[in-house]
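To keep things simple, chains are lettered A, B and C as they appear, and every chain counts its residues starting from 1.
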Amino acid sequence: MTSMISPLDRRRHLTGMAFITPTMLVIIAILVYPILQSIVLSFGQSSIDGSEPYQFVGLKHYAALAGNDRFWNALWVTLLFTGLSIPLELAMGIGLAVLMNEHFRFKGIARLAVLFPWALPTALNTLMWRWMYNTDYGLFNAAALQSGLVDRPINWLGDETLAMMSMVIVAVWKTSSFMALIILAGLQSIPRELYEAGRMDGMTRWQEFREITLPLLKGPILVALIVRSMDALRTFELPFNLTDGGPVTATESLSLYAYKVIFDFIEFNYGAAIVVVQFLVIFAMSLLYILTLRNKD
Amino acid sequence: MTEVKLDRIGKSYGSVEAVQQFDLTIREGEFLVLLGPSGCGKSTTLRMIAGLESITKGDLLIGGARMNDVDPKDRGVAMVFQNYALYPHKTVFDNMAMALKLQKVPAAEIAQRVGHTAELLGLTDYLQRKPAALSGGQRQRVAIGRAIVRTPKVFLFDEPLSNLDAKLRVKMRMELQELHGRLNATSVYVTHDQVEAMTLADRIVIMNGGVVAQVGTPREVYDHPADEFVAGFIGSPAMNFVDLSRDDTGGWRSDCGSLALPSLPMDTGPRRRIRLGVRPEHIEVLPGATGADGMTYTANVLLDELLGADALLSLGIGDVRLLARVGGVDHPVRGDTVTIRLNPAQLHAFDLETTEALR
Amino acid sequence: MKKRPRFGLYALVILSVVISFLPIVWLVLTSLKTTEGIYAWPPQYLPDPFTLKNYINIFTNSPELLLYVLNSFIVALGCTVVALSFGGMAGYALSRLGMRRAGVLMVFILAVSMFPPVSLLPSLFQTFLKLGLLNTYAGLIIAHTGLFLPFTVWMLASYFATLPPEIEEAARMDGMGFFRIFWSIVIPLSWPGFVATGLIVFIFSWNEFPLALVLMTQNAMRTAPVGISLYPGEYAFPWETISTATVIAIVPVLIITAIFQKQIVGGLTAGTGK
């Protein structure tokens, strides 16, 4: 037998429900319902404006995806981009964090400078870089040609390998600061006494880094890595603005391809299937993220 | 009549029972202290009286009216919190006036009542300050003033002094005593500090694991602890415990026989083993070895600690270790051999199974 | 402390700052050049002649670029206000009102925040089309609110958790109801949390691209990142106009970041650095 809920508790619970309802409604309307509807759409045939009635077609779109080279290419590009940019961001992030943990003059300005790339819209950042990468009038080629390093302009965004590298560089430039911030916060939360105890034990600087800093930074680094990986896996405006996925499809990410299928080729349901696959990939990552956070406690 | 009656009150969170069967009537004007280690349920009990926690079992009556489902503000109680809980963005005046404002008391009356209380507590000069600009003691006074202004039927205190430093705590403790003498309102006071409990309380309720272990005046709980827990909790340093077995002659001895008592004054019934309790201040220490007879034993001083007025001696009688409290002047030191005498009237004995005191 | 040679340190710092600023500086320089200067060979590093013509042109010939900035402002401000209101209440419910399964709800909110925006597009586009929400401020504001509410709830819930609960309990004893406690005690005490969260949400919304691209199809309703990215050129991108518009569009974010650097950094790293 359970005792009656006290009116005192009931009032609190009702207030809680009232307070959380607007948020849950928005989250369900904007995040949960659309995902579910995308799944429904991916199993059927319909038109974007709802003029044709929905027809269930089963796994037809998924079967088509399995044989679609461009889809596999987009998945590969997304994974490659993630795999290349994340380690570089991490390395840069650790470096910047260690740098910013030192004492020097004009530190505020320096910290602001590395924060700016993160704070600006990716789409516009990408435009700035595209302008610098410009084959004929860009800063890089101008400097390279004038200094005599090369005798012909480099086609930064027109070559398959170079285009991917160029894209990775923009991503690293933009997000290293985010990594650095999180790692810096981790660095500053390590108690000084640990280093003092380490010095009493006769540790060298390198040993301090390996035995104290790195183990205690594992948590923040892991969180930063996973947050950034998920960002990288859904990258959209970066290839959209830098290369439009080109040359051919060398930098076409899954998000970009899905967008093109839906809004350029108007294959609504097929696009929904791509989107669902992408969702599953990222959701697997997010589960990993949550498990990691759970284990931290 | 503002008597507070807790009629078999209980609080459970799911299957965890934080407070069980709390049954007590707090008399009009009584200063009742709830004492116990952290997690014993004393704060939960206080919060149930306040209305900050719901009551899952039993009834709470304040002045004869059932209050279980009544909102905190309508119970006629006021509470003083451990960390003062002042509104940091409001002035001292506004902090003290808040409850009255919410009760729609006329502004003139609010000003008059707050002013009067401020005078009582010596806060008149600080009414326009914010809490951040006050010292710890002043903040605590504002927190008390906020409670007084409402002229509640019952005052509740949740460890109000434990955020203060030692010196200030003694001073505020005395102020509280004086204040209670003047207002004479029913008060319930939660603390884990036994000195606060002994000095302030008309009656002390000692709690352990969500259950009331003993209710009594400070004298009663010190002289006649109801069980081993209370005996060990009240008194500092804590009571010595030694397990004794009955021997063939009807006397009692410790396991290796080094401490032997011909008889015990309490009714031990058919028990073959009991736990003996001796307070450190009840061990009489005489210099030199005078040999054992009756309740006198020869002991070695293993360690001595001077506290100032008193000294603590760690004594060894064979394999039995006893802590004794003696005067600080010319006290025996490590390596000395001494004679100790136990006064049968000051001994305690407990059942090993139930831990209850034997009378 | 011993003084060590710090040249290496300063060299690294300067290098980091230069790399961080390079694209922005180059963009500003470009916006101050004449069209001939932009496409000149040998390349012009500094504007010669220096001109404000591009800025004047935007105000006279391409007012839609200013409209984009205005749209961004309306959407980001709206999103921030709604997200802080809803998220503040939800965060309070989850951290303080003894919600059952509050932990599960927090994890649920964290999980949905990781949905890729592009996954939402087919359905959101269709629904907004049906409801007539395409090309409306309200539509994009509510979409952005949905996207950034999880972050807001987490930030504010963890901020509320740092407040001593006794103050709210004292307010209960004084006779306040939960709404009143939230309004007159919790919000005044949590404004640093609201400021940090609000700034980051504002930046997030200002910068958001995929939903703004798809849900605002009319040129006049586009936000700055989308409008500038899609700005039509005859042969190639008109870089003199683009660079100028971009400078105008990033200035608000640069100013906010510069002024509130501490709050933003504090907000971003809350909870992850511990």
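Criterion: contacts are C-beta pairs under 8 Å (C-beta built on N, C-alpha and C of every residue); 3 or more make two chains touch, one makes a residue touch a chain.
Chain-to-protein mapping (UniProt): A = Sugar ABC transporter permease; B = Sn-glycerol-3-phosphate ABC transporter ATP-binding protein UgpC; C = Carbohydrate ABC transporter permease.
Just so it is clear, the structure is predicted and the values come from calculations on it, not from any experiment.
Student: If you apply the touch rule, which chains end up adjacent to both chain A and chain B?
Tutor: In this structure, the chains that contact chain B and also chain A are C.
Student: Going by the average position of its CA atoms, which chain sits the greatest distance from chain C?
Tutor: Result for max centroid distance from chain C is chain B.
Student: Using the touch rule from the top, point out the two chains with the most contacting C-beta pairs.
Tutor: Here the largest contact count links A-C.
Student: Starting from the mean Cα coordinates of chain B and chain C, work out the distance between those two points in Å.
Tutor: Roughly 55 Å, centre to centre.
Student: Need the CA-centroid distance for the pair chain A / chain C, whole Å please.
Tutor: Each chain's C-alpha centroid was found; their separation is 16 Å.
Student: Residues of chain B that contact two or more other chains, please.
Tutor: 51, 71, in rising order.
Student: Residues touching two or more other chains, restricted to chain A: which are they?
Tutor: 9, 11
Student: In the complex, go through chain A and note every residue touching chain C.
Tutor: Against chain C, the touching part of chain A is residues 9, 11-13, 15-17, 19-20, 22-24, 26-27, 29-35, 37-38, 41, 48-50, 96, 99, 102, 104, 108-117, 119-125, 127-129, 131-132, 134, 136-137, 139, 142-143, 146, 173, 177-178, 181-182, 184-186, 188-189, 219-220, 223-224, 230, 233-234, 236-237, 240-241, 254-255, 258-259, 262-263, 268, 271-272, 275-276, 278-279, 282-283, 285-287, 289-290, 293.
Student: In the complex of these two chains, what residues of chain B are touching chain C?
Tutor: It comes out as residues 50-52, 71-73, 77-79, 81-89, 98-99, 102-103, 146.
Student: Along chain C, where are the residues that touch chain A in the complex?
Tutor: 6, 9-10, 12-13, 16-17, 19-24, 26-27, 30, 38-39, 42-43, 85-87, 89-90, 92-94, 97-100, 105, 107, 109-127, 129-130, 142-143, 145-147, 149-150, 153, 178-179, 182, 203, 206-207, 209-210, 213-214, 224-226, 228-229, 239, 242-243, 246, 249-250, 253-254, 256-258, 261, 264-265, 268-269, 272-274
Student: Show me the residue ranges of chain C that touch chain B in the complex, using the header's touch definition.
Tutor: Listed in rising order, the residues are 164, 166-167, 169-176, 185, 188-189.
Student: Quick one: which bits of chain A touch chain B in the complex? Just the residue numbers, please.
Tutor: Result: residues 3, 5-9, 11 of chain A touch chain B.
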